[in-house]
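Quick heads-up: structures coming right below.
What follows is a pair of complexes built around subunit A, which joins subunit B in one and subunit C in the other.
== the complex of A and B ==
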C-alpha cells in the first residue's frame, strides 16, 4: 500500500479515472435532464387535457407495491440495476379493474364461487362481474388469464382510468427511462466517492 | 456481509413536488409497507422544513431503501443535513424538477470533487 500511495504514476492514473468518472457523470446528468424535461412536458400536456386534479399522487393506490425496484449486486464496484417487471407496464392489458383485490382475492373468489355455486347460484351471479365467463373456464385457461389480470392491475397508468391520454403514456415512458438514468447516476456517485477517497489517501501518502 | 445487507435494499424513495412524485409513481416506485409507511413525500408550499427533514431521516434510516431521490430545490432547504450525510446506502441523489432545472453548482457530488482540489 505504501508503494501504491507513493507512486506518482498511480496517483495520476487514479486522477484520470476520477476525471473520466466525472465526465461520465456530467454526460449522464445531461441526458437524464433532457429525458426528464420531455417527461414533465408530456405530464403537463396530459394534465391539461385530462384535468389538473385528475392526475396527481392523490390517486395512488394505497395497496400498491413498488414494481420498479433496485438490485444491488455483490460485485465490487457496486452494481445497481433497476429491476422491473416489464410485463406489468408494457402489457397494458385493459382487463380487470378494481386494484389488488382481484389479484389477491382471485383464488378466493373462485373458491367462494365454487362453494356458492354449489349452494346458492344467485349469489354467484351477483358477485361475478364482467369476468364471469373467464371464471367459469377450466383451470388451465384461467391461469394465463389470472396472470394477465394481475399484470394489468399493477400498471400505475390504470389508476387514472382505462382510457388515459396518450401524453400520459408518453410521460410514463419518459419517467421510466429517467429512472434508469437515476440508478446509473447513483451507481456512478458510488464510484466517484470511492475513487475520491482512494485519491485522497494516495495524495496524503505522498505529502506525508 | 455488508453486501448481503444491501440485498434487502430494493426500494427507491422520493421527496419531490407534485409533478415529480406523480411521474415517479407512474414509473412504478411507489410503495406502502406493512406499517403503512409510503416511500415518497409530496412537498408543496405548505410543507414545512421539519416535515422534509423528518421524511429524509426516515428514508435514510430504513433498511429497505436503496436510493433516495430528492428535488434539488427541496434539497437546498435541508442542505446542511444533506452535506452531513455520508452513508453509502441509501444513496441520495438530487434531481431537477419541472420548475427548477438542474444546477451543477449545487450538485453535492461535483462539490465534493471541487473540494478535493481545493476549489
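== the complex of A and C ==
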C-alpha cells in the first residue's frame, strides 16, 4: 500500500467522500420514493376516474415493446445510461390513414404496422441519465406552438384511449422521470461500494 | 293511476331493489374500513357486507384489481336476478341500463383487436351486464362499416351507430370518437325513453340523466386538453341534453385550460356551488386529504340524486339509482383498498359516503 493511501489525512478524506456519497444516495432514494409513490397514487386516481375496466393490463398492446432501456458499459459497469426511442411521426402523414390491411391465413384481419420514420429501426440516441431533455419524454406528445403536431406512435398512453384523465398522464410522467433516478441510484450504489472497498483497504494498510 | 297498476308489474322487484339498497355500506362501516391496516383486515370487515360470499374464497394477499372484480361480480349477480324476474315494461327499462355496458364492451373488443390482443382474453374481460350474442364477432371487423354491417346491425346498439358511420378506419382517435358518440346517442335515447314512461319516472330520471350528460361534457372537455381531438370534434361528442346544453357546451368546446372551464361553470348557479372549495388542478383526491376535485363533487351530486329517487315510490328510477349507488360503493371500497395497500392514509377519506 502506498504512503498516500495509508496517510490518515487521506483516509479521512476518503471517509468524508463516502459520507457525502451516502448522503447523496439517501437523498436521491428519498426523492425517487416520493416520485414513485405519487405516480402510483395518480394511477389509482386515474383508475377511479376512468373506471377500473379502462385502465388495466387488459388494454396493454399485444405488440408493446420497450421504449426506454438502460445500457450498461461492459468495461465500466458504472457507465449506465437511459436509452430512449424518440421516434415520432408527423400527424399530417398519419391522419386519415388507418394503415394497410392484410389478411392472415386464419381469416383474422390485421393492420400492418404504420410506416414510421427510419430512426425507429436504428439504435436510439444515447441520452445521459439525469441530463434528460424533458421535451423528449414519451409522455410529452403535444407542443401547441408547433404547426404540425407530432404524435409519439409508441406512447403507451394511447392504449387507454385518446381522452384519458389528467392523472394518468401525471402518473406516466412520474414513472418516466423515476427511471432516470433509478439509474442514478444504481451508479451511486456502485460508487459507494467502490469507495467502501478503497477505504477498507486504506485502513487495513495503516494497521499493517 | 300509475300507482294502482305499478305493483302488479314491478312491485316485487321494487321491494327487492329496496332491500338491496338497505345492504349498502353505511358511514360507520366506512369508518371501520378506513381503519384497516392491511388488505386482510379489509377483507375481514367486508365479511359483514353483501360482498362476503364473493370474497371469502379469494386467497391472501388480495389485490385491488381482484377486489374490484369480485365486488363487480356481486353487483352483476344482483342485477341479473332483477333481470331474470322482470317482465315488460320493467324488463325493457333494465335492458336500457345494460346498453351502456354494451358500448363499453364493443369499444374494449375493438381496441383490443387493434392492439393485437387475444380475443378469448378480451371476451373474458368484458362486463357481464353488457354481453350480447354477436359480440365475439367484433374482433374481425376493421372498419366502422364492417362493424355495423356484420355485427351490430342486429344488436340493440344498431340505432346508435348512425352518427358514427362517417368514421372510416379504426384507429385510436376514431375509436374514442366512436365510444363517446355511442354514449351520447345512448344517453339521448335513454332520456327520450324515460320521458315516454310518464311521471314520476320521467322527472326523476331526467334529473339523473341530465347530470350524467353534464358530467360527460366536463370530462370530455378536461380530458381533451393536449390531445389530437379538435375543438369541432370535441363539440360533437357532447350530449345534446343537460343543463349545459347548448350555451355552456358551445363555450366549453372552445376552452383550452382548466381556468376557462371554471370561469364558465361559475356562471351557472348549481355548478357555482359545486365549485366552492374545489381544487381544479387536482383530480380524485390526489392533492391532499381534504381537497375535493370537481369529479368528486359530481360523484356527490349524483349520489344525492340517486338517494332522493328512493324517496318516491312507483317509478323505475329506483333500479337505475340502486345500480349507480352500488357502483359508487365499489368505487369507494376499491379506493380505500388502494390507499391501504399504498399506505396513503392521509387520502383514504376521499370517498363519497352514501348513507
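To be clear about the criterion, the second predicted complex is superposed on the first by the 124 of 208 C-alpha atoms of A that agree within 3 Å, B and C clash if a C-alpha of one lies under 4 Å from a C-alpha of the other, contacts with A are read in each partner's own complex, and residues count from 1 in each chain.
The working rule: a contact is a pair of C-beta atoms (placed from the backbone, for glycine too) under 8 Å apart; a residue touches a chain by one contact, two chains touch by 3 or more.
Given the structure is predicted, the values throughout are model-derived calculations rather than measurements.
Touch criterion met: A:72 reaches subunit B, while subunit C stays clear of it. Of the two partner chains, subunit C is the only one touched by A:161; subunit B is not.
Once the two complexes are overlaid on the shared chain, A:81 sits clear of subunit B and of subunit C alike. When the two structures are aligned on the shared chain, A:60 is found in touch with subunit B and with subunit C.
By the touch criterion defined above, A:40 reaches both subunit B and subunit C. After overlaying the two complexes on the shared chain, residue contacts for A:48 are found with subunit C alone; subunit B is out of touch.
In the superposition on chain A, contact of A:186 is made with subunit B only, not with subunit C. Common to the subunit B-facing and subunit C-facing surfaces of subunit A are residues 37, 40, 44, 56, 60, 62-63.
By the touch criterion given at the top, residues 64-65, 68, 104, 108, 111-112, 114-118, 121-122, 125, 127, 139-140, 142-143, 168-176, 179-180, 219-220, 222-229, 283-286, 295, 331, 334-335, 338-339, 342, 344, 347 of subunit C touch subunit A in their complex.
The part of subunit A that touches subunit B in the complex is made up of residues 18, 22, 25-26, 29, 32-33, 36-37, 39-40, 43-44, 55-57, 60, 62-72, 74, 78, 80, 83-84, 88-89, 154, 156-157, 168, 171-172, 174-176, 178-179, 182-183, 185-186, 189-190, 192-193, 196, 199-200. By the touch criterion given at the top, residues 3-4, 6-7, 9-12, 18-19, 21-32, 39-40, 42, 66-67, 69, 88-89, 91, 93, 95-98, 101-102, 104, 107, 109-110, 112-113, 116 of subunit B touch subunit A in their complex.
Of all the residues in subunit A, the ones that touch subunit C in their complex are 37, 40-42, 44-49, 52-54, 56, 58-63, 91, 96-99, 101, 107-111, 141-142, 144, 149, 151, 158-159, 161-167, 169-170.
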